[in-house]
Each structure stands twice: as structure tokens, then as C-alpha cells.
Amino acid sequence: MIDPALLYGLTGAAVVGLGLYGFLSLRHLLRRVLAFNVVGSGIFLMFGAAGYRGAVAEGTAGADPVPQALIITGIVVALAATALAVGLILAHARATGRRTLPEDDT
Amino acid sequence: MIDALDGIDGLRDAASMALTGLGLAFFVAGTLGLVRFPDSFSRLHALTKADNLGLGFLALGLALQADHWGQVLRLALIWGLALIAAGIAAQLVARAALAEAARRRR
Amino acid sequence: MAALPILILATALVPAAITFFLPQAAHGVRNGLNLGGATAKVALVVWMLVEVAAGAAFETRIPLAPGLFLLLRVDALALLFLALSAALWLLTTVYAIAYFRGKPDQSRFFGFFGLCVAATTGIAMSGTLISFFVFFEMLTLATWPLVVHKQDRASLDAGRLYLGCALPAGAALLVAIIWLESAAGPVAFTEATDLDALAPWAQRAIFALFVAGLGVKAALVPLHGWLPAAMAAPAPVSALLHAVAVVKAGAFGIVRVVFDVFGIDRVAALGVGLPLAALASVTIVWGSLRALQQREIKKRLAFSTVSQVSYIVLGVALIGPAAVTGGLVHLIHQGVTKITLFFCAGIYDERAGVKRIEGLDGLGPRMPVTSACFSLGALGMIGLPPMAGFVSKVYLGLGGLQSGAPWVLGVLAVSSLLNAAYFLPLLYRLWALPPAAAQPDEQVWGLLAPTVVTAAAALLSGVVAAWAISPLGLASLIVERDYLR
Amino acid sequence: MLLDVILCGMILAVALAAVSGLGVFRAVVFFVVHGVLVSMAWLRLDAVDVALAEAAIGAGLTGVLLLSAVARLERLAGGGAWRQRVNVLPAGLAAAGVTGALMWAFLGLPQPAGLGAEVAAALPRAGVENPVTAVLLNFRGWDTLLESVVLLAALVGVWALTADDDWGARAGVAQHAAPGGVLEGFGRVLPPLGLMVGVYLVWAGAAGPGGAFQGGTVLAAVALLLAMAGLAPAPRVGAPALRLALVAGPAVFLGVGVAGLAWGGFLRLPPDIAKPLILTIEAALTLSIAVTLALLVLGRPEPGDGA
Amino acid sequence: MIPGDGAGGALMATVALPLAGSLLAVVLGRHGAQVAGGVALGVGAAVAVLAAQVAGGGVLRVDLGGWAPPLGIALMADGLAVAFLGLGAVVMAAVVAQAAALFSTRGGESRAGYGFWPLVMVLWAALNLTFLSRDLFNLYVALELLTLGAVALVAIGGQAGPLAAALRYMVFALMGSLLYLLGAVLLYAAHGTLDIDLLAIRAQPAPPDLVAAGLITAGLAVKTALFPFHAWLPPAHAGAPAPASAVLSALVPKGSFFILWRLWFEAMPDLAAPPVLTLLAGLGGAAVIYGSALALMQGRLKMIVAYSTVAQLGYLFLVFPLAGGAGAAQPWEASAWTGTAFQALSHGLAKAAMFLAAGLFVMAVGHDRLEGLRGLARTMPMAVFGFGLAAVALLGLPPSGGFTAKYLVMTAAFASGQVVWAGVLVVGGLLAAGYLYRPMAALFADAAPGPLTPVPRRLQALPLLLAGLAIGLGVASDAPITFLAIGRPDAAAEGL
């Protein structure tokens, strides 16, 4: 019976790993942005799990609110970065007709 | 599991479990349809019909467990919205599939 | 008067800073500023000469960082170099004003020219190794734009070679200074530095780095390549900088290192004096030999400078009192004589369009004043009495005997012969051969006056050598008071 | 407990599919599913506010953004089979290394440490009951202010990518919804309900789960629906009213912050009037967030080629 | 600013003013330049007041919203932070002045004219925040804002090249942010706080702290374009318009490096084993050599200056083995620490001057290929002289600030026996002479007859002013050094 916080924490770490693998290996830029968002959700999952672990031990009502607030901020910042990245990808594709960075083209 | 069946609560729980079980069956049917049917139109057909019905039973099953009327209303609202959304989505996807098929034939 | 050293620096810096921003057409203001600065500096130096002779010493400390400060200190040795650079800067400014009439980019030239002199003054007055290094590198930076002033291919290549030699030398010097100071603490030229914290091999390595760093500017043999190439610069630049400022800065640096950083007895103990003397001697002979092969006047004079500067290094390396006096006094004599030759070369180039030796045929009678000065300078270089060159060579010979190195006499004899070999044919061409066609007019007083003055100075400092206030007097005063204590 | 294991298993499976799947479109679909599953995980971790945010922004808006990008990208640089991946081995090693390190660190965490107690202690003076909103808008209000500026900066960045002669045109691509069609009908039915839910979310944020960001996202979704249904054309980039709406949130927040100087320090909200101040900030923030998010998803003005 | 309590007012103004300015610029599309000018003056005054307060009263701390850490966020202004704020203010003032001419919005609102001003002010606010904030997550948001602003500025030109460069910059920067965020999350999970001072008390060499420190260092190294991760910097900084590349090269990498500096000297001083610190400095040394080598091979002026940034940033990492770790404060630590601060300040001023000068050359000749710059020394003497002075500062030759930095760090290297770092400095200086000589020689070559749009002297004075400041930093280096010592973590013995 491993406690849920640890389970979600490790899942978060695994999701970060998967996302990083995708981010570093994929060539299609849009998929790299997607992998970036996957890594982000993995990080926040770990953060939430840590927060939940802290709260359960202290017996307070809900999970630790500070990580929750930071995660919401993090999600919005990740969205802003994604939106700019997507805008750049489209502009780059329009200018060069390519979906990948020049050095990745083989 | 057994001792939950005695008395009025038992009856309610049994009804809930029966209804949610039925809902689940419809969901499985819908997914089966998605996998087995040949073209996209019949798949759409299977999905929207079976899943919505399944959701209805699920909502009904949960309504029995609700503490106060507010929750029942919310469940009904959720089911209604899901119905509308599924219907419109199916319609749009169908039109897109038609346009795609027409374009491919040209 | 602690602010005096800064005042002297200002006399060069302020006009330079203002000149940069003057438009090309503002001739009057520019010339006035530079001449004013030069005369003010000469006046200050003369006033200090009197004070220092009476035993006073001026010192200013500019804090750079906790434990790191610029120390400007005027002692007798500093004054020797100061006097030389101040006087010659004034004369060269007059010369340059006449030389540049009608040419472009004068504001830029005089700006960097002032910066160079300020750097030279700073080198002369620096009291610690770091202050010396700061001004030493500033000199390199301020000289480059002057070398590439004409912006043509030749001067750009000369500039590249100059930087290519000077910057690595600066790096070597910095490494030496920091290596030394990390062991022995900040090095001031006044109190002795305790180098015992360093192993002997480290001390020798540091001395070698110092010689390499300073040797480039002092044009010691393997590192002298840039000097002849720098002749592509305009005449005033090669006259003041390459005869006086840059080259002497290197020699002056070696003097400071040998006497004030290491001290005479440590140099003897480490046994590095002899190799330095040998290097200097090789440079003397090699410079003269190369001078023989040159067909261009300025190139020949450049190689002559390479060999002459090594007289100073030789004198210092021999460590004996007479030798050091000879070396120090040659600092003045070579400066004055060589600048005369460069001024004349400049006039020949400007007025008669003569760059190569063949062009000198029969110019004597038709450009009498210039040729007379040229001849005086040449004789001074050879070292015939009563010219100043003779005095230095005598003392150097004496010094060689004193410190038990008779072979020095041989070197002096051979180099004098070689000097004669590459100067006398010029004089013969000037006076004995029939004149070529064109009749050049040399009557531009702006060019002639400074040349005559420097030629006279070269003659006078030889004739009145015995007097107290002559360069020889000042040099022997320095040696008695500072170095034989 | 069993539900957690299944949920984690599904999250991992979907994440793997999103990252290593074949087509871009398939990856985006799996990403949206991943977002929904993660928001369920947040419910299990007792973080309702985050679940709302993840569902609305993580799965919702990011999904729409990526989907519209996939559509446009196919037209711009479509076709051509090519290798999916490059330098697979180093990427794999790096990812495995980081994952291993993270797990090692997570297992090595000493006794659980959190600020739950401090927040609970300071809550009465924060002016709102919901601890998350208290942290977001009072204790760490500075982060939230910066975050709204980040959104604005991203939008200005996206707008700066417009072609020079398209400047001043309407934001996003011209939409082609069939007039009188199903989407338009949907576009008329849903917005009133959407507005109500959005405003409710913002208002409820003070006491229960909800808040400016979640409410703002719902309102942004409504705005997007209206634009897609062709009922309300996207605003012009140069419209002054639009720009004021964009700037309202951060400006009000900054104004309140500077006003705080009068009470002794930047962003200081005196406890007795903290609630009204926070609500005004939240209202302005919601407006700005809704407009900014909608425009971010619509993207740069492209009057030329339609969707 | 509202006087209120003087303590927080000036400090907050350095961040709040640029934010307010960017919001105003978003609304007033056409008057971005005027707004930016006002903000530049305001922030300059605020930094001056702050400097006076810090010089008088020592380190200044502000708890935002009145909530002390660990609950709230703290901003702190010590000598180092205010010095970097000053650098930012000076460089920004010059950049705004030059950009006003380049992005003039007289003929109606243009895309670049509209976009440039809010982005540059947002970038400035984020930069000032990285120097002041004491909270790791707040620093994450500031880094993110800095990166978005910077990427958007690189792409503002709109051509294909800069777009690809902006995308590559975005990919690297996102990677860096993720790693940094991972580190911050782990630190919060382990210690329940994100404040640097509280972390200093609670950090101990346990697995979470070590992994977190490693991840944060890797993330920030990517953002500071340290050697193996530098590929994005040159095309991005060369592709951006000149005023933008001046800000990007002179200030942005210093923001992320500043956080690394705070981490290793204040949050976890004795967590790093010597080999880690030597690795960082080793990569720095490699950056110096590699960056300079590539700079030697470039044909375009802006690429040379951009690769020079990669090289010069390498110097900054030499501080870790010389002054970091090793618990007990050694006498030479103060000199290495101050030397590196000077290197950052002098490089900031000199690099900004160089890019602004390059911008003027492009304005005059239309492109920045080296052969096109021939003979500009005669037609644009002030800009060329500014470029030359900046080159002197980058070479580390006296009397520039670069020399004081090189002297201080070399003395520390020799005193601590790690002579190899002194070698890196010397070789780096010579290589810098190599790659900076080529543009200088081209500028001084004889004029090739080409179309030349005259550049007003008012604009030429900007690079000269900045380069003069870089030189002035060396001449009057005593006052800044004593100022930098305020609030230095382990105030090492005064020895040099």
C-alpha cells in the first residue's frame, strides 16, 4: 500500500522523463512544444504530490495551498510560452516552408 | 459488499450500482462500435448514441447518491450540456468528413 | 605640490581630449591648444628640474581598487625621460603642424598624438609596476591609430604587425607582474621588493618575461620586426614615437625592472645580467648589419634605432656605474640625434620626394640646412667627437672595462665601424655627387626650425657634457644618488 | 487506492502515446486526453483549483491552440515523409538520467515540509477564505501580477509576428462557419450559460475553488466560440477598447500595488478592505485574461488566407 | 514615485516603472518611444536614489505585501544588485535613444514600431527583477518574462533567418526554464520554502538538494549560453535589430548568470564539491576559446560581436572555483568575486556600445559584412572611436574596467595557485585582439566608394558614451569596488 502522494510523485517524474525524451528527440517543432507542455504537467504533478504529502502529514484540511497557487501560475506561464512558440512556428513555416529547425533538416 | 444491501440504503445502492453498470455497458458498446465499424459516419453514429445514453444512466445512478437536490440539478445540467455538445460535434465532424471525401474524389 | 604629476599629465591629456572633437577646419584652435600644452609641459619640467636637483620629490596616489593604486612619482630617473619627451614633443608638434598642412584627419592625428605623449609621461612618472603597465599598454593603443593614419595598405599591414608584437608582449608583462605581486605583494619602485618568497627559477622566469614584454618595444633582436615596418607611418610619427616615445619606453622599462624591481645585486646573483648584455650586443651588431642592406632612408634609420637602443640596454646590463651612466645618457643623446635624422628624412620626403638613398645625390648644396643637420646627426650616430654619441660610447667603453667585460669594447668598435659604413655613403652622396634635375625648395621654417634645434642640441649635449645641467650631468647625478646606495 | 494506480497508469500510457505517436494530429489528441486525466489526478490530490485550471487551460485552451496550429501548419509546410527523430540515444539517456535523478530525489525527500500551517494562520488577515486565492492574490500577489504581464508580453510578441501590411487587420484567421448552420445555433445557445458560469467561477473563487484564471478561461472559450461561429468578428488589433481591456488587469493590480505604498509597502492590502480590493483586482484580471487568452488562441492577424 | 515610506519606494520603482511603461506603450501604440524615454529617466532616478540608500544604510530588504518569507516574496538590494541595476539603466537609456530613431512611429503605427517598445520595457522590468528577487519561483516567472520578451525581440525583424534563430532560442530557453523549475520544485518539496536566505539555513547535502542544485545550474547554464549550450546565442543576437541585440547581448544572459551567482554564493555556498566548480569554470574556459575561435571566422560584424559575447560570458564562470565553495573565506576570494562583477559590468557597457555602433554602421551602409565597412573611420569617426574604446574594454587592456576585472581575477588565480584560469584570461585577451582587429582594420581601410546614408552625430555619441563609461569604470574603479562590497555574502578579508 504505497501512499498516493508518492505514487503521483513518481508518475510525475516518469511523465517528465517521457516529455524530455520527446522534447529532445522529436524534430517536428509543434510536437516539441507539445512535449514541453507534457514535461510541464509532469513537473506540476510532482509539485502537487509534494504539496499533498506535506498537508497529509500536518493533517490540515486541503493540500498545501502554496504549491497549488504556483502550479496555476506555472500553467498560465506555460500557455503563454506555448502560444508564442506556436506563433513563431507558424511564422517560420510561412517564411521558410519548413516545420523543423534548419539544423535538424536532413 | 453484502451488508450494504439491507434496509432502504441497500436498495438505493443496489439501484445505483445497477444503473451505473448499465451505463458502463453502453459505453463499452459505443467503444466497440468505434473500433469495429468500417467508415467514419457509422462510427460517429455509434459513438454519439451509445455514449450519451451511457452518460444518462450514469448520471441517474449518481443522482440516487446525491445528498441534496442541488447536486441532482447539476448532474442533469451536465448531462444536457453533454448531449448538445456531442450532437453538434458529431454534425460538424460529419460535414468535415463529407468535405474531405469530396475533396479526395476530385 | 602633490598635484604636479597630475598637472603634467593633464597638459597632454586635456588638449588631446578637446582636439578629438575639433572639426578639421579649426586649425588655429587645434594648433594653439597643442602648442600651448607642449610649452606648458616644458615649463613644468624645467621647474621640476630645479626642484629635484634640490632634492625635492613629487608624488600622487590615485586609488584604483582597495590595495591597487596608480602612483605617480617624479624622481631623477623619471625626470630624465620626462625632459626628453617634453622637449621633443614641443618640437615635433611644430614639425607636425607644418607637415600636415593641407592633409586630412588632423584632429584625429593630434588627438592620438597627445594621448601618446600622455602615456609616455605616465610611463616616466609611474611609481609602481602596475602604474607602469597601465601607461605602457595605453601607449600601444594610442600608437596604433597613428601608425595606420594614412589608412593605406602598407600602413595597415604595419599596424597589424605592430599590434601582433605589442599585445602578446603586454600579456607577458601582465603575467610577470601578477606572478611577482601575488608572491611579493604590490611592487613600488621606492622600497625594495622581497623576492625571496619565489624560487630562483621563478625569479629567472619572471625576469625573462619582463625582458620579453619590454623587449618588443625596446626592439631587442628577435622582437624588433615591427619597427622597420612602422616606417610606413607619417614622418612626425616615426620621428617622435619610434625615435623617442615607444622605443625608449621599452628601454626605460628595462632600466626600472633591473634597478628598482630586482635590484643590482639580485640581478648579479641570478646571473641574468650577462645574457641580457649578450642579447643587447647581438641586437647592436645585427641592427647595424641590416641597416647596411636597406635602400630606403627611413628603413635604414629604423634599423639604426634598433641597434642604438640596445646601447642603453647594454649599459644597464653591465651594471657598472660608468656603463649605467653611459646607457642613461645615451637615452637622451640617441633620442635627440635620431629625431634630427628622422626630421631630415621627413623633409627630404616631403619637399624633394626623396625616399630612397639614390635620390640624395647632390642634394647637399641645394638643401643646405637640412643636409647640414642630417650630416651632424649622422656624425653623432657614428660617435665622432664632439658629438653627443661619442660621450655615450666613451662611458659605455669605460663601463665595460670596469665591470670586467672587455668584449664590450669590441662590440662598440664594430658597431661604430658599421655606423660609419651605412652613414658615410649618404653624406658622400649629399655633398660630393652632381645634383639631379629638380630644384626642391626647403624653405619651410615649420619643418626646418625644429630640425636645426635638435641638431644643435645633439652637438651641444656633446660639447657641454662636462657641465652640471647637461644630460651627462643629470645621468651621473641619477647614478650616484639612486643606484649606488 | 486502485483508482490512483489505474489513473497513473493511464496518464503514463497517454503521455507516451502523445510523445512517441506517429502523426502530429494524433499526438495533439492524446495530449488533450492527457490533460483531462491529469486534471482528474488533481482531484485525487485534493487540489480542486488546480484541477479546474488544468482542465480549462492545460487541456482546453492549449489543445485548441495546438489543433488550430496543426491545421494551419499542414497548409503551410505539409507533405513529405521524413524521419521523426534525431539524436535519439543522447535524448533517451538525458531523459532517463533526469527521471532517475528526480525519482531518487523524490524518494530522498526528508520529512514532509509545507506552508499549509502558515497559510492557515495568516488566512484571517488575507480577506478571502479560499487559501489558494489568498496565496495567489495576497501573499504572492506579485507572482500573479507578473504572470498577467507574461500573458500580455506573449500576445504582443505574437502580434509582432504579423506581416507588415496586415497590421491593423482583425486578429486571427477569417472564420467560415455556415450561416444558419449548427455551429451558429450552438453559438447562440451556449454563450449566456458560459458567461454565467465564468462569472460564477470568479465570484466563487473567494470562498471555494475557482478564481480569476479559471473564470477568465471560460469567458475566453465563450469569446472563441462566438468568433468561430461567425457571430462576433475578432476585434481589430488597433482597437483602443481592445487595448484597454488587455491592459486593465495588470494596470489595476499595479495601481493597487502602488497604492499599497501609502499603507507601508508595495502590494500591501490592509486586512479590513482586503476583500473588496481583491475582488476589484480579480474582476479586472478576469477581463484581461479572457481577452488575452482568446486573442492568443486566435493568433496573429491574417486577413489573407481563410481557415 | 509616491514617497510613502522611502525604504521600498525606490526599489520597487526600478521594476514597477518599466512594467507601467510597457502597459502604457501597449495602449498608446504610436508614442512608445516617448513612454520609453520617460521610463528610462524615471528608472535612472530610482536607481540613483536606491544607490544612495544602499550606500548609506547598507542592504535594503522589502517584503512584498507585508508578508515575510517563507509565505511572501522578498526583494533585496545589495551592492551587487544595485550595480547591475545601474548597468541596466545606462544601457537601456542608450538603447532607447537609438531605438527612438530606428523604430520611429511618425508615419502611423507600424508593426515593429508598436511591438518593440512594450517588449523592451517588459524585458527591462524582468531583468531588474532577476537582480532583486530573493524567491526562486518569482525568479522563474521573471526568467520566463525575460525569455519571452527576448525571443519576441529577436523575431521582430520578420525575416526568415531571425525567425529560425528566435525559434532555436525559444527551444533552448524552454529547456532551461523546465530544468530550473524542476530544481525549484524539488527545493520547495524538501524545505517548504523558496526564499534564498531561508534555503541557506536549511540546505544540507541530501539527495533532493544535490539534484535540485544540479538541475538549476544546468537550466541557468543553458539560459546563459555556457559553452555546450551556446548554439542559439550568435544567430539570435546577430539577427535581432541593433538596439535589441545590444540589450540581448549586454544584459539578458547576465540576468540568468546573476541567479546562478546568488545560488552558489548565497543559497548553497558549501554544497558544491570542488570538481563541480572546476567543471563550471572549465566549460567557461572552453567557451572563451571556442567563442573566440568562431568569432575569428565570421564574415559579418554582428556575428563577430555575438560570438564575442559567448566568449566573454565564459570569463564569468571562472569565479566559481576561485571564490566559491571551500567554506572558509580565503583572502583572494574577495578579489575574484569583485573582479567577476567588474567583468560583467565592463562587458555589459562595452558590448552594448559595440552593438549600437554596429547598428549605426548598418544604418549607414545597409549591411554589416566586413568588406562593406571599409573606410567608415573617416566618415563616422565618433562611432568608430566608440567601437575602438569598446574593443579596448573587451580586450581587458588598461585603463578600461575590463583590465581591472582581469587584474583582480588573475591576482586571485595566482594567489590561489589555480594558475590555469589566469592562462584562460591571457589567451582569451589575445584571441579577442585577434577577432576584434579584423573589423577595426576594415573600418580604418581606405574608403570604398559606396552609397552612404549620413548618420547624425547625436546617434554616434551613444556608443562613444557607453564605451567611455566602460573605460571610466577602469579609471575610477575604487568607488564601485567599495560599493560592490556592501552585502557581499562572505565578506572575505580585505586582502587583494
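Labels A, B, C, D and E are assigned to the chains in the order they are written; within every chain, residues are numbered from 1.
In this text, a residue touches a chain if its C-beta (ideal position, glycine included) is under 8 Å from a C-beta of that chain, and two chains touch if they have at least 3 such contacts.
Keep in mind that what you see is a predicted model, and the values were worked out from it rather than measured.
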item	value
Reaching chain C from chain B through chains that touch each other, fewest steps	3
Common touching chains of chain C and chain A	E
Set of chains adjacent to chain A and to chain B	D
Chain whose average C-alpha position is farthest from chain C's own	B
Chain nearest the global centroid, as defined over all protein CA atoms shown	E
Highest-count interface - the chain pair sharing the most C-beta contacts	A-D
Distance from the mean Cα position of chain E to that of chain B, given in whole angstrom	58
CA centroid of chain A to CA centroid of chain E, Å	28
Chain centre separation (chain C, chain D; CA means) in Å	73
Multi-chain contact sites of chain E, meaning residues that touch two or more partners	71, 137, 141, 144, 148, 151-152, 155, 158, 182, 189, 192
Interface hub residues of chain D, defined as touching at least two other chains	98, 102, 106-107, 109, 113-115, 119, 139-140, 143, 147, 150, 153-154, 157, 161
Of all residues in chain A, the ones touching two or more other chains	16, 20, 23-24, 46, 50, 53-54, 66-67, 70, 73, 77, 80-81, 84, 88-89, 91
Interchain contacts, given as pairs of chains that touch	A-D, A-E, B-D, C-E, D-E
Footprint of chain B on chain D - complex, ascending	178, 182-183, 185-186, 189-190, 193
Partner chain E, residues of chain A touching it in the complex	16, 20, 23-24, 29, 32, 36, 39-40, 43, 46-47, 50, 53-54, 66-67, 70, 73-74, 77, 80-81, 84-85, 88-89, 91-92, 95-96, 101-103
List of chain B residues in touch with chain D within their complex	81, 84, 88, 91-92, 95
Of chain C, residues touching chain E in the complex	20, 63-68, 104-105, 108, 130, 133-135, 137-138, 140-141, 145, 148, 151-152, 156, 159-160, 163, 167-168, 170-171, 174-175, 178-179, 181-182, 186
Of all residues in chain D, those that touch chain E in their complex	98, 101-102, 104-110, 113-115, 118-119, 122, 138-143, 145-147, 149-150, 152-154, 156-157, 159-164, 167-168, 238, 240, 243-244, 246-247, 250-251, 254, 257-258, 260-262, 264-269
